[in-house]
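Look for chain A in each of the two complexes below; its partner is chain B in the first and chain C in the second.
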Partner chain A sequence: MSAPPLLEVDHLVMNYVTEKGDVSAVEDVSFTLHQGEALGLVGESGCGKTSIAMSLLRLQAENAVFKSGEIRLNGENLLALPEDEMRRHRWKDIAMVFQGAMNAWNPVYRVGDQIREALDLHFRPRLSDAEATERISRLFEMVGLNPAMANRYPHEFSGGMRQRAVIAMALSCDPSIIIADEPTTALDVIVQDQILQELKKIQRELGMAIIYISHDIAVIAEVTDTIGIMYAGKLVELGPTVEVFARPKHPYAYLLLSSTPSVTGPRRKLAPLEGEPPNLLNPPTGCRFHPRCPFATERCSIEEPPMETIADGHRVACWNWREVPVSIAQEARP
Partner chain B sequence: MTEPLVKVDRLTKLFPVSRGMFRRPVDFIHAVDGVSFEIAPGESLGLVGESGCGKTTTGRLLVKLMEATSGQILMHDDGSMIDVAHIGSDDLRRFRRRVQMIFQDPYESMNPRRTVFDTVSEPLAVQNIGSLREREDRVAQMLQLVGLTPPNTFLFRYPHELSGGQRQRVAIARALVLDPSFVVADEPTSMLDVSIRISIMELMLELADAFDVSYLYITHDLAVARYMCDRIAVMYLGKIVELGDTEEVLSNPLHPYTRALLSAVPVPDPTYRKPPVEIKGGITKAINPPTECRFIERCPWATDVCHSTEHPPLEDKGGGHFVACHLVEKGAG
Partner chain C sequence: MTRYVVRRLAQMVLLFVVFLTVTWFLLYALPGDIVKQKFAMNPNIPPEARQVAIERLGLDKPVLIQFRDYMINFFQLDFGLSFNQYPRKVSDIIAERLPRTIVLFLTALVSYYYAGFLAGKYLAWRRGKRGEMAVTIGGVGLYTVFYPWFALMAIWLFAAELGWLPISKFLNPDEWRNAPFTANQVFIRLFVTVLAVSIFMALVVLLANRIRDHRPRALAKVGGVALGALLFVWYWWGTAGGALMRPYAGDIAEHLILPVAVLTAVNFAGIMLLTRSSMLETMREDFILTARAKGLSERAVRDKHAARTALLPVTTSLVLAVATVIDGGILTETVFSWPGMGEVLVTSVSNEDIPLALASFSFIGVMALVGHFLVDILYGVLDPRIRVGG
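This part shows the complex of A and B:
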């Protein structure tokens, strides 16, 4: 991709200041997002994926402090903008489908009216009533809802329908980027599948860029072109989704993929990851994964591995990535 | 199959829906509706389905945390079968030695003011087993088995000092401390992170062998069920619609709902091309459901037979592959 990236996250470092000390939530994370690209950030709770999502919109928690790094949207550093200018970008350039957003609808207003509010805030010149209604109808059709539902109240929607309406709202101001943070986590599999297919279709049709954030590596496999794997505040591997799934190079990525059960393929023995993620008040020295890493050497506990480019668009932060087996374990369960 | 450990026959649980304070309830949620299955000693049966399908209610009925509206649960115990619905108070204590439960949320299922020792030893105390000294030894031994080592560093910790994975290990130790023959595990790993999840699943498999215990493993996740269970039963609106050996059901799903569920499951392989999901809409509520097939509203293949007859019985379509569908031929299993 030779076009300049839409979004660049450049050596971002973010801490949460707490009574017990600073929590190192995002540590030196860099990635880019191009137009039309679907990027997935995957990792366990506390790995920093939601912190990054919130930072992109500058909606981070009050005790968050950006230590260094930049987030550039079309070359403009969002972290340096005054709040009122940031507000212009929010929703209009970058929209977000929050985790559990389907429960964020105000129960006493019609769903269409709540979307209208977003349109009124961001559309200049303001849309007329007829234009707004027309637009909301088109948005509803796009996400697979009956346009007549716009006149209904949130309680008349099922969970899946409410989440579709959230997506319609996120699309309402033609953003160039959508951040979808666990967009289907609370939903049943069949509804989850419907919504993911819908998002994929919309993204393709509108040429939008999407950042999916999920703990579910199977969901990320289905909807993204590029995957970033996070561990304890660090981005440890970034590359084309197909490539990373076929040949994960970071030991954590390798173990994560080896420990994901699937309904397809041979029934294989899953390799448990020993131990638990570290406390980020006091992260391990060197590589943050070294205490749990079966490939760790002495160097790993002393020196932090840099992100190294190992193939076109495939980067890994590990001293010993060459030691990681070529593909994930296929051994059948005894 | 040898003599079953658990035999469930036409188990039904209806919840009345109140329409007003002084009115007699006329509407009922058919949470579990005529469910029958058997579990062999040492076997693990997976109960899968979406939220609201009745899988948790079934589990709770089996451990007698709820009373069934009708139907029978028989449990094998020292050569005789106990009828779980008609257990007297003496037998209830004996029943609790044989049957235990592991809950979904390790943050909610443990008393925050009691130590790990209190929690794990409580069943021993209730059953009047052993002296304090012996209970301490037994609890330490259990903690060792569930991987909380060295045990003496965990014995006097409180739940808030433990991670989610460690709490679930304590819950497993508590469930197995009486050496039960049957454990109902309700989504025991769904609250845990992936890297922790597999170690808990592996632990449960190991202990099933070591303790010769049968599981009813309740989960919404077919991939987890595949890993944990010998057979699986798929539930839809209070009914079992398909039941059989895990690999058989997953490789040869016969009920339209099972097929839809399977094609909707995300697969951790970006090169995999999923078949499209053929059904529409979301799960409906089980309030006064129609007498014909429960799945009829969402089924793309429903014919006149489906509309004119009652909900199809769960029938063996060959090789112990049971399906409740008018359109599946005998011998398809």
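This part shows the complex of A and C:
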């Protein structure tokens, strides 16, 4: 972990300006991503995962405003770049497999041509036709598609194939980072698993960094080294995946994990996670989780807990993390 | 694609036969037996001539036989004789009028669709910015204006007051006094050359789409379109026949400007609003986000992805527009004294000239169907999903 990080998100604050007020979608989020690392971001729907992903490419919605913070790629603050320089980083350095990537293809162009479009934009000198065709064929083989399919239109692909082709397109310009936002939610479970395993294999082989985004903690657990738990626009716990899974420190992470069937072991005792996530137009004061938190004390509703490093590479934002039972398995006993 | 074309063609022919049958029976079943009134009981026609006319027109035969004969003749392009301009052939009248109408309205159609599409694209992209309001208000204002009044004002301003353009009619009789051609020959030549060039361009683009490699494909398309334009210029300027006819074609073109401009002004707003909403919808699609994420410039995203896909619903609306080419033209033809099919239709119906009315209706039907067919093909070319489905 001594190499300088590839990507640093540093105290990022992003709001959506709406008629009813500002939506606090990303609140003081910091994390780093090293070369070859697989980071997972987990959280309930609406907690700001996609907002972070879009910010990294600076493709945030029109009404989004960055209040403060930086996103540094190899030390360069992306938020300060002029648009045309930012464009050069897109796909070349950071590529994306979108949420709902099923519709990521323009129906009127051939799939191969849509990949070619990215190659033409980012390869200097431009690839010749033969080189491009060769490259697309190799990408297709890598994701388990017949290279001849590159000449077909998107509607001729099944859902799983389209998703594989999206991955091929994401890999096409050798990006150092791939963001996969719910890459498989629209697919059936078996295809979902196949594609995830392949994506993981390719990522390890090519040594690129990846950010997996999902609301399904089980999916993330299988493929990541580091995991970040998000709640209501905030990153509340960040640490090595194994560590967070075995000993979650944040009450929200603890409840989330104990209400999820175990990935490997026997089914854990379900502890209820009550209530609804807050409205981000008007988030709770102090710790945003306090209305739902069984460990909450008076201080929680007044003061916001800072991110505290509790072990190497393991950080938690909670006043009372020490109160959280050490092991879920122990707590499961009545 | 071939199967798709053949199927559509067969459907089209079938539909036309049904259309013709219904129209025939509707007109012949009109109460009061117009046919007999016109010939059998017309005291101005001497009895012998009346008898000849009735026999020549086949009016003495049973209805079904008449119908059978009409259908057989129709498909041999024999539409019978006009009642009112008896014994002039209906086919002659139509052959004279049809090219004028087609040239005027097709030009106008292309013009207002193109203007509307460009304006709509602009509006969608500049949503919420200045300029959007002005274009929208201007377009919708023109769209809702009382059309004959607007056309007359345009004639008054540009032709009478400023004298920039000819007042009306489709040619200047003084220049044509010693012309070696009839107006119709020129119309047809104009129409044929434009059509030939368009077909040539379309074919080149279609064939070029089969080229797998990127740059040769783009090159073939641009080259083909340029070559088509060059062929057109070469014909009218470079060949003896073209050069001889060019002044007359120029005269007709000059007469076309005002009606085409007026039709464009009042019609483009509809296409503009359609394009705008279609673009806005397309821009919410995920693939637009993909295009941006790939690092494409806003311009490329708009032109290559948003506009190209937004073109599909606009093309669909072309079907309806093609069908209204003739009937919507009656007003225009009247205001601009443009002697085309619209006028024939009105007079033949009001004079109860059944063979002429029937043939005129049929040609509207044919034009609607052919237009529909062409748009279908165009749609198949534009949207790969249709090609396979057909």
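Keep in mind that, in the parts below, the second predicted complex is superposed on the first by the 322 of 334 C-alpha atoms of A that agree within 3 Å, B and C clash if a C-alpha of one lies under 4 Å from a C-alpha of the other, contacts with A are read in each partner's own complex, and residues count from 1 in each chain.
To be clear about the criterion, a residue touches a chain if its C-beta (ideal position, glycine included) is under 8 Å from a C-beta of that chain, and two chains touch if they have at least 3 such contacts.
Values in this document were obtained by computation on a predicted structure and should not be read as measured data.
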Partners on chain A (chain B, chain C) - clash or fit: fit
Chain B versus chain C as contact partner of A:Asp113, first or second or both or neither: second
Partner chain(s) touched by A:Ser45 [first = chain B, second = chain C, both, neither]: first
Which of chain B and chain C A:Leu257 touches, first, second, both or neither: first
Chain A-centred angle between chain C and chain B, computed on Cα centres after superposition, in steps of 10 °: 80
Which of chain B and chain C A:Trp105 touches, first, second, both or neither: second
Which of chain B and chain C A:Leu59 touches, first, second, both or neither: second
Which superposed partner A:Leu121 touches (first chain B, second chain C, both, neither): second
Touched partner set for A:Arg88, first chain B, second chain C, both or neither: second
Which of chain B and chain C A:His155 touches, first, second, both or neither: second
Where chain B and chain C come nearest after superposition, their Cα distance in Å: 11
Shared chain A surface residues [contacts with chain B and with chain C]: none
Complex interface listing, chain A residues touching chain C: 57, 59, 84, 87-92, 95-96, 98, 100-108, 113-114, 116-118, 120-122, 129, 132-133, 151, 153, 155-156
Chain A contact footprint on chain C (complex, rising order): 212-216, 285-287, 289-297, 305, 308-309, 312, 382-385, 388
Contact footprint of chain A on chain B as seen in their complex: 50-51, 163, 165, 193-199, 201-202, 220-224, 226-227, 247, 250, 260-272, 274, 277, 279, 282-283
Residues of chain A touching chain B in the complex: 44-45, 158-160, 188-194, 196, 215-219, 221-222, 224, 241-242, 245-246, 255-257, 259-265, 267, 270-274, 276-277, 333
